[in-house]
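These are the structures in question, set out in turn.
Both of the next two complexes hold chain A, though its partner changes from chain B to chain C.
Our next item is the complex of A and B:
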């Protein structure tokens, strides 16, 4: 199989399979999770300012008092790499073209040099977070295979994409194919790992905020 | 025609100065050191014309058109006269048995020394019967001619990689030269058609150094195929700025912006079009407003559509709809199962334990 054949496969059948499994997994899990429900809380709600689903959705985006100082890497690194990922995924012209092709939505692209910078910063932040996870005994103790695996599944698409653009290690065609393959692996594992937080994040925050808000506790 | 190259040039009115200039240009195009130009000139001037046998198989003669006609008035055309082209069906005066005799004679007289040029793919289906010359199949002719060749030059994407005949579903069982000839050095000069100067560059290198130029993993001369169209494209700055032509007649197209969104395969295509250009340096596909088709890459016909941007799916996402429905069905099914479990637990007055919460 030549590089171009490999690329054509990952752009064709490979992408079809990955998107298929992704959609299957996402809809499966969304229906499963949101149909779980909870039995009705019959107690009278206690109203406290700041205790509601919506409040929690926003409050959880900010570190609780003192926490930023205690684990700056988790908060700052987390913010940097999530924003960096958003810039790279939604700001790079070829990505927007793909999104437009699949959904019809499009917006202006960011200059590729800026996206390049964002990719480097994202990878640096992710590397620092990985080192922190390895170095901090508590974090390491709490880490399971899934944590290491999802880190790699997220990191590899950025790394291979950046290397393709920079023409590093392999010819562009092969690296682009590897990049698309890495994204396909990410798509396939996303619904079935903790990466599914991309879909459930705000829902679960809302749920926690609402349950606790009913008891008058702002969380 | 006998005698050394420089004599032949002189007879054709080519001055020594313009010959040296040509050699220097070739040397620089092939990324050889400046002194190589002189070495090339000296070696080529003294060289005896090597015998060249050109075998056309499943091809459209576009390669011959490119290499001979379009550059006939230029010095590249002259170089072509300077080899002893002993068999070339399109160009030779002889026909029928005479032509076959000329080929056999050249093969006999120059055994082990002649250069074999092949254009077109070789069909293997039905014992090679899809393409025959003089009652003999292409594969048989190739094997025979390759035996006594010093080296084989596969000209054009068909000979190098199978090209159009090999496109899915490959009805004739077409294969490239490299699938059949295993024991001779092979240079692939792909392109549909290839750039004339690439061809003459390889010949000049062979005449000068007596060896073939450095090749990449796909057997292509690195000097010409070392970089992608995209990397050498004069429209590259627009790609980096995110300025793209969306159609072939919008403002972006008129402003000469990047053709990536219109399906340009420049980023994955290794060729010298952006630097060597075509028709004596006049222009090249991207300059004339059309994206690169990727014609010098293997299987470019089946690489997902000429007008589809590289970052788009090559095929429609066939199973996406079915997968979504299946996923939703599974989710709803499990949802109902969970509800039933909850209902049963409730009516049985089961309590929630710590272990349940750990689930």
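Our next item is the complex of A and C:
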């Protein structure tokens, strides 16, 4: 298979398969989780301003009192690589073009030098997070194969994309094909690994906020 | 009641709901919950990471409620939960968790971890892996009526003492009283000043109140061990007593878990809303003060701080009230770092103080509390939970720290003007 054939495959059937598995996987997983339901709370509620599911969905994006100091790497590294990923995925002109072709939606792109910088910063932050996972006793203790695997599955699309743009190591066509393949792997594993927190995080925060909001505690 | 692994697994399957499923799927192993847990921060042992304390529950969830997990189980790739494993987890689920809820307050993806620990205990208790100390507290509560084996005659005797000391009659089984007061056996045995304080406060506020001869014990070890059936039996006594006496409000005593049991879990345990209100004594005092029914005079001049019981603040929403009350009677009231919503546990909540073999660990974890005390160096500590109080007293003594611990209700009562005549409302 030539580079061009490889690229044609990942752009065509490969992308179709990956997006299909991703969409069905997400729908199935959401159904599997939230159809379990929960019983109604019969205790008399206490109303307190700021105590609700929706409040917690937003509030939990900020570190609770004292936590930033206790675990600065987790918070700062976490913010940087999540925001960096968002910039790279949704701000890079070719990505927006792809999304427009698939869905018809489009928006203005960010300058490519800026996206380039964001990619480098994102990778650096992810490397720091990986080191933190190795160094911090609690994090290392919790880590399983899935933690290392999902780190790689998230890192490789950024790395290959950046290398393709920079024309590093491999010819552009081959690197671009690898980049798309890496994204497809990410899409396929996302619904079935901890990466699914990208979806369930909203439900989790909402439940926590709702259950404790019933008690009048703004969590 | 015989316990078995099978029953335990069945109980675990039953407690899993959408929130738990959502929580397990959201965990990214960031380890931040460890930083919020005093058993981890003080020992540095990663096995005390809160989310890890739920590992058997997570596997049951995965193997029973996810497609991939069920497939893995079918082809023999799933590791089944065993008796040995649950036995190992006993220390993690009971000794090293006071249900303080700090983990749930910090989890960045929003997991309510303590909600899951509470539910996990249902399976631990059904499979026979609860600690002996809590087991016997539960059986004493079910058989005798209180975790410390207190019977009605002990309550009657204390009523007599209080009547003699304060010259105020203590009402018993008065139908139609506005408030029904329940006690924790710790208060009956160790802190009799609580009942006297309540009597003085009610007299000044001019409120009708009563004790109940069939429901004087407020604590609920069924909640701590994680057995909803027994917790229901225990809470039903109060519900029946309150409905029989047709009271408007039941006042939960200075006890964190009694409040959680009655205020938040009670209605869910019996399967219907209560026909009466439930308030913690601190909420009642705050309301009396705001309405002008409770007047105090004079101030404490030594340096006082307030220890927030976890079940009252993080798990109960009573955060502002104790502070208002403290300021009304203390000139030199200082807050500890992290006080209020993020306060650190006394290290003996959630039934932990009843576990003998957990004592060394508990004292180690208390170092967190010690750090808080060291930061403000109070002359006395005020709290609103008899269990916190006894754990603080014992731990302070262990570390040779000479800081007396007192209850907020009695502190307030001490500032009620003498010879106060009852006044109508």
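What we mean here is this: the second predicted complex is superposed on the first by the 219 of 219 C-alpha atoms of A that agree within 3 Å, B and C clash if a C-alpha of one lies under 4 Å from a C-alpha of the other, contacts with A are read in each partner's own complex, and residues count from 1 in each chain.
Just so we're on the same page, a residue touches a chain if its C-beta (ideal position, glycine included) is under 8 Å from a C-beta of that chain, and two chains touch if they have at least 3 such contacts.
Note that the structure is a prediction, hence the values are computed from the model and not measured.
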| item | value |
| --- | --- |
| Partner chain(s) touched by A:64 [first = chain B, second = chain C, both, neither] | second |
| Contacts of A:93 with chain B and chain C, given as first, second, both or neither | first |
| Chain B versus chain C as contact partner of A:49, first or second or both or neither | neither |
| A:147 touches, of chain B and chain C: first, second, both or neither? | second |
| Which superposed partner A:104 touches (first chain B, second chain C, both, neither) | neither |
| Which superposed partner A:197 touches (first chain B, second chain C, both, neither) | second |
| Partner chain in contact with A:39 - chain B first, chain C second, else both or neither | both |
| Contacts of A:28 with chain B and chain C, given as first, second, both or neither | both |
| Residue contacts with chain A in the superposition, chain B compared against chain C | C |
| On chain A, positions contacted by chain B and by chain C | 28-29, 32, 35-37, 39 |
| Contact footprint of chain A on chain C as seen in their complex | 16-23, 25-32, 34-36, 40, 44, 46-47, 49, 51-52, 65-68, 104-112, 115, 263-268, 271-274, 277-278, 313-317, 319, 337-338, 341-342 |
| Chain B residues within the chain A interface of the complex | 218, 228, 230-231, 239-242, 244, 260-261, 267-268, 270, 294, 297-300, 302-304, 309-320, 322-324, 326-328, 330-332, 334-336, 338-339, 342, 346 |
| Residues of chain A defined as touching chain C within the complex | 28-29, 32-39, 41-44, 46, 48, 51, 56-57, 60-61, 63-67, 70-71, 74, 78, 133, 136-144, 147, 192, 194, 196-197, 200-201, 203-209, 211-212, 214-217, 219 |
| Residue ranges of chain A in contact with chain B within the complex | 2-5, 7-8, 11-13, 15-17, 19-21, 23-32, 35-37, 39, 93-95, 97-98, 101-102, 108-113, 167, 171-173, 176 |
